[in-house]
Amino acid sequence: MILAETTPLSHQLAAWLAGLLGMQPNWLFSAVGALVVATVILLLVVTPVGLGGVYLERKLAGRMQNRRGPNRVGPYGLLQSLADGVKLLAKEDILQRGVDSMLFRFAPYIVFMAAFAGFVVLPFAPGVIAADLDVGLFYFLALIALETVGIVMAGWSSNNKWSLLGAMREVAQVVSYELPLGLAAMCPALAAGSLSLVAITDYQAGPVWNWLIFRHGYWAIAMVPAFLLFYTAGLAAAKRAPFDLPEAESELTAGFHTEYSGMRFGMFFLPEYAMMLSLSAVASVLFLGGYHDPLGLSAPGGAFEGAWGWGLLWFFLKTTFLFLSQIALRWTLPRIRIDQVMYLCYKVLLPIGMGSLVLSALLRLIR
Amino acid sequence: MTPAEALRAAMPDAVEEASDAFVRVKAEKIVEAARVLREKCGAEMLHQISGVDRPPDKMEVVYHFARLKPAEFLCLKVSVPRSNPVVPTLAHEWASANWGERETLDLLGVTFSGHPHPYRILLPEDWEGHPLRKDYAYPVEYHGVDCVE
Amino acid sequence: MTTIQGVRLDEGERAAPALPRDILTEELVFNMGPQHPSTHGVLRVVLRTDGEVVLDSQPLIGNLHRCCEKILESLTYIQGLPYVDRMDYLGALNMELGLVLSVEKAAAVEVPKRAQYLRVILCEINRVISHLFAAGQFGLDMGAFTPFLYMFREREEGLTLLNEVTGGRLLYHYIRYGGVTRDVSDDWKRKCIAWCDQVAAHMDEYNNLLTYNHIFLNRTVGVAIIDRETALRYAATGPILRAAGVPRDLRKDMPYSSYEDFDFKVPVGPHDKGVVGDSWNRHRQRLLEIEESLKIIRQAIAKLPAGDVANPKVTRGWKAPEGEAYVASEAPRGEISCYFISDGGKAPYRARMRGPSFYNISLLSEMSRGLLIGDLIALMGSIDITLGECDR
Amino acid sequence: MKALALWANRVWMGLKTTWIGLTITVPYIFRRPYTLQYPEEVPEIPPSERGLHVFEIDKCIACDQCSKICPVDCIVIEAEGKGKTARIRTFEIDYTKCLFCALCCEPCPTECIHMGPQFDLVGYTRDEVIIDYADRENPRCFSEGEKIPYEIVSFARK
């Protein structure tokens, strides 16, 4: 049910480029178009949003703790993240004696890339998507596992036992939480009958009761647990408190990035926010209707059908809400112990995930 | 039963001096004396071990035991020659003696024979001298750091 | 004798746990500290671990050693007092009281009733502040940042109260031989009562946010149980001993400074959750003790007698006559005592200070065996040491 | 079945206490922050504060009492003349050593040295925090007739 207006931006760009050169659009143009859109999204949307995420986290943390948060750089401290970025850039890039130099240098790039590559498949608005993959959801889940590789590299190459322990925790945690995360993500995919994030979004077009989380009321019995599951497992996959064990400050000093400094540290720091954002975005796509508004104005036949600005607004509202709730949780809860993380994954989340998957399948059959 | 009575009854030849405030026992009998305090006077906790330098020829180690109910401190003292201060350790029966004795060793240079871990605890291992001795000479420099103004 | 990286390990009574070895693994040796976020200062702990399981640990202290006792011996009586503050900088007034009480007993100095009450009021404020810090710090160790800052807010107000009377926020130099330096005003008394109300009003907030949080309970209940015997064997005192079920509080058992005039309870573990002597009970113990301290402050302010705040006989050049005394008092972290000997000279002949943290942290080696690294942090956080007083 | 109930209770308690926590922290977002903006907003310093010293130079008779009682020997006094006519030439306090214990104020016969309200002293070198109070340019050194602009509490004890 892809509308004419929602042809991905990259295809429109490819067609436009081909027209400019007087050639037939072929795969090369599509590739260039996808690349351009991805880069533009990354530069114009994601980096400011990532920096904004850092600002928001610090400001909100401050206010939740009866403090002010950043308020010195720029109005309301808005430029604080930028100043931090400049500071990180200006810092000395320390390479300790004894580190595995190649792995040590390379690890931040993998983490950075893996975290930001997830944005490629996110449908920000009707038509605003870098690549509408048929297996978008699968691709996204695979990238989370890729990030782990970078972190293990960092932990191993640092030649520091705290880093190693942090990396080991990361592997144990993320690999385990991939399971409930995958199970939770399969419920909406099953309902919508597609792994494409655009298809899942458009399946939820219409008023609020079309959203998968409470679709027609009865879907809620499968989808509410699945949503909570996705949210919790997402926190764990993004290494957010209370699951921030790989970098547990009070236990492992700084975990896998203990030995990193300067911009290399920044390249571990920013992806955390990118991960949070992309997970919030995917959660809102899977369960909260993505770029569709609650009144159904963007549904086929609605007043704002295919309007990308309207879609973008709702997409960001939903994502930001989930993002803020992740921040609020972080500054409320203590940290879980490593064996309890495993307990939670295998004995709590996994059974719930299986249950909701079976329920979704049944509901799909009945309907 | 007061410590003085208990110790006089149990080991009369070990008691050198006894009063309400403290009992001075022979250094080599301190382990047995502490045991008597535990069994007869209800001393459940070795509260503090203090070393006192008494120049020119003596050195004291003072043990304060604590009784819980009724709360009271029971004090044992031993005197050892300053030239060769050796006291048997209590660390095998009272875990708190472990660090307490190490501190006395560190700061006063009293040796506790049989101590499981007889090393300095507060000062670095290569420190010279024992600061709480009355004739302690302050170091001039330590690892290149000037110690005298 | 096992040594790891040149550090000799202390053999304890509890052996390291035997782990199943079906795959070839190697042990890791960690240096936790002296720079580590949760060693509360400059404590260094050497850990031997099997993955996350601690097989052996050895606390190495002394990084903050200043030989306070030598300083006291080499200064006159009045000059020595500001140094005692620097032992436990979080409960400085209680440290002063520890020294002053035994000197007063040895020299048979009388302290006016008003001065005794003022000592009680200020020491209890100090205890509340210290326990707030300890409880918040424990939350921080468990990964909860926010309760720490909420507790700091009340601590800040308490520090301001102390500042108004003593002139210092952290190091007070307030209690002198035979009395205290300054009197309090009626306005200050009102502020003090208001502060007590404020702390009492926020107790629910701390409890709901941290103490009864499910994650926090799971992290601390049944973790690192220090039972009655172990605590007594290691001469651990204060909240640790009371959480282990021993009703020993020197304010009740050997009242000093007119504590017998006040009506308060001694909370004893086990409390409403957990097992006796676990980390959670130690944390809860501190919060309950705050409530009792607030009671004492209120009573002492209501009953504050008129009169002098210092014994006029104790002048600047005062010297204690020949004699000795051993007096212990209840500091926030345990029992502070001073074995004081005077030979009638200008300075104390010997002033042996007992740091409660010194004995409390000696537990760590034995208690840590078989814990996870996360549990070790819970153990260290719930013991609540101050290195200034541990190393002296 | 009992195990299942226990399991369900754990999950429920986890969700419930998380919710309780959020109801405490989130409302703080909309409350006034507690912190002061330090350089602009100065906290109220009580007059009893034992901050940097305040010195009334013309009262000083250079009796050296403060220097003698100082536990860390951080006061160095040099004077001209003798007895009642003695006038002070240098009065240096070394703040790298000073304990701020206010013992120096106690024996002063003319009550010329006080603890002031200023609590911050920073410098780039150690020499910058050794301050000469006999220098009349010093903002905390007051000549005769000059009024001390803040309330000072006497620490003198006879």
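Things to note:
Labels A, B, C and D are assigned to the chains in the order they are written; within every chain, residues are numbered from 1.
Simple rule for what comes next: contacts are C-beta pairs under 8 Å (C-beta built on N, C-alpha and C of every residue); 3 or more make two chains touch, one makes a residue touch a chain.
Because the structure is predicted, anything quoted here is derived from the model rather than measured.
Under the contact definition, chain B and chain D share the contacting chains C.
The interface with the greater number of C-beta contacts, when C-D is set against A-D, is C-D. We define each chain's centre as the mean of its Cα atoms; on that basis chain B and chain C are separated by 24 Å. Centre-to-centre spacing of chain A and chain D amounts to 49 Å, using the average Cα coordinate of each chain.
Separation between the centroids of chain A and chain C, computed from CA atoms only, is 45 Å. Residue positions of chain C touching 2 or more other chains, listed in rising order: 146, 153, 209, 213, 215.
Contacts with at least two other chains are made by residues 64-67, 331-333 of chain A. In chain D, the residues that touch at least two other chains are 10, 18, 21, 24-25, 34. Interchain contacts (touch definition given at top) occur between A-C, A-D, B-C, C-D.
Of all the residues in chain A, the ones that touch chain D in their complex are 60, 62-68, 71, 328-329, 331-333, 347-348. Taken in their complex, chain D has these residues touching chain A: 7, 10-11, 18, 21-22, 24-26, 28-29, 31, 33-35, 37. Across the complex, chain C is touched by residues 61, 64-67, 161-162, 165, 168, 241-242, 244, 248-253, 331-340 of chain A.
Those residues of chain C that touch chain D in the complex are listed here as 75, 78-83, 146, 153, 156, 160, 163-168, 171, 173, 181-182, 205, 208-209, 212-215, 316.
Partner chain C is touched in their complex by these residues of chain D: 10, 13-14, 16-18, 20-21, 24-25, 34, 46, 48-50, 69-71, 99-103, 106-107, 115, 153, 155, 157.
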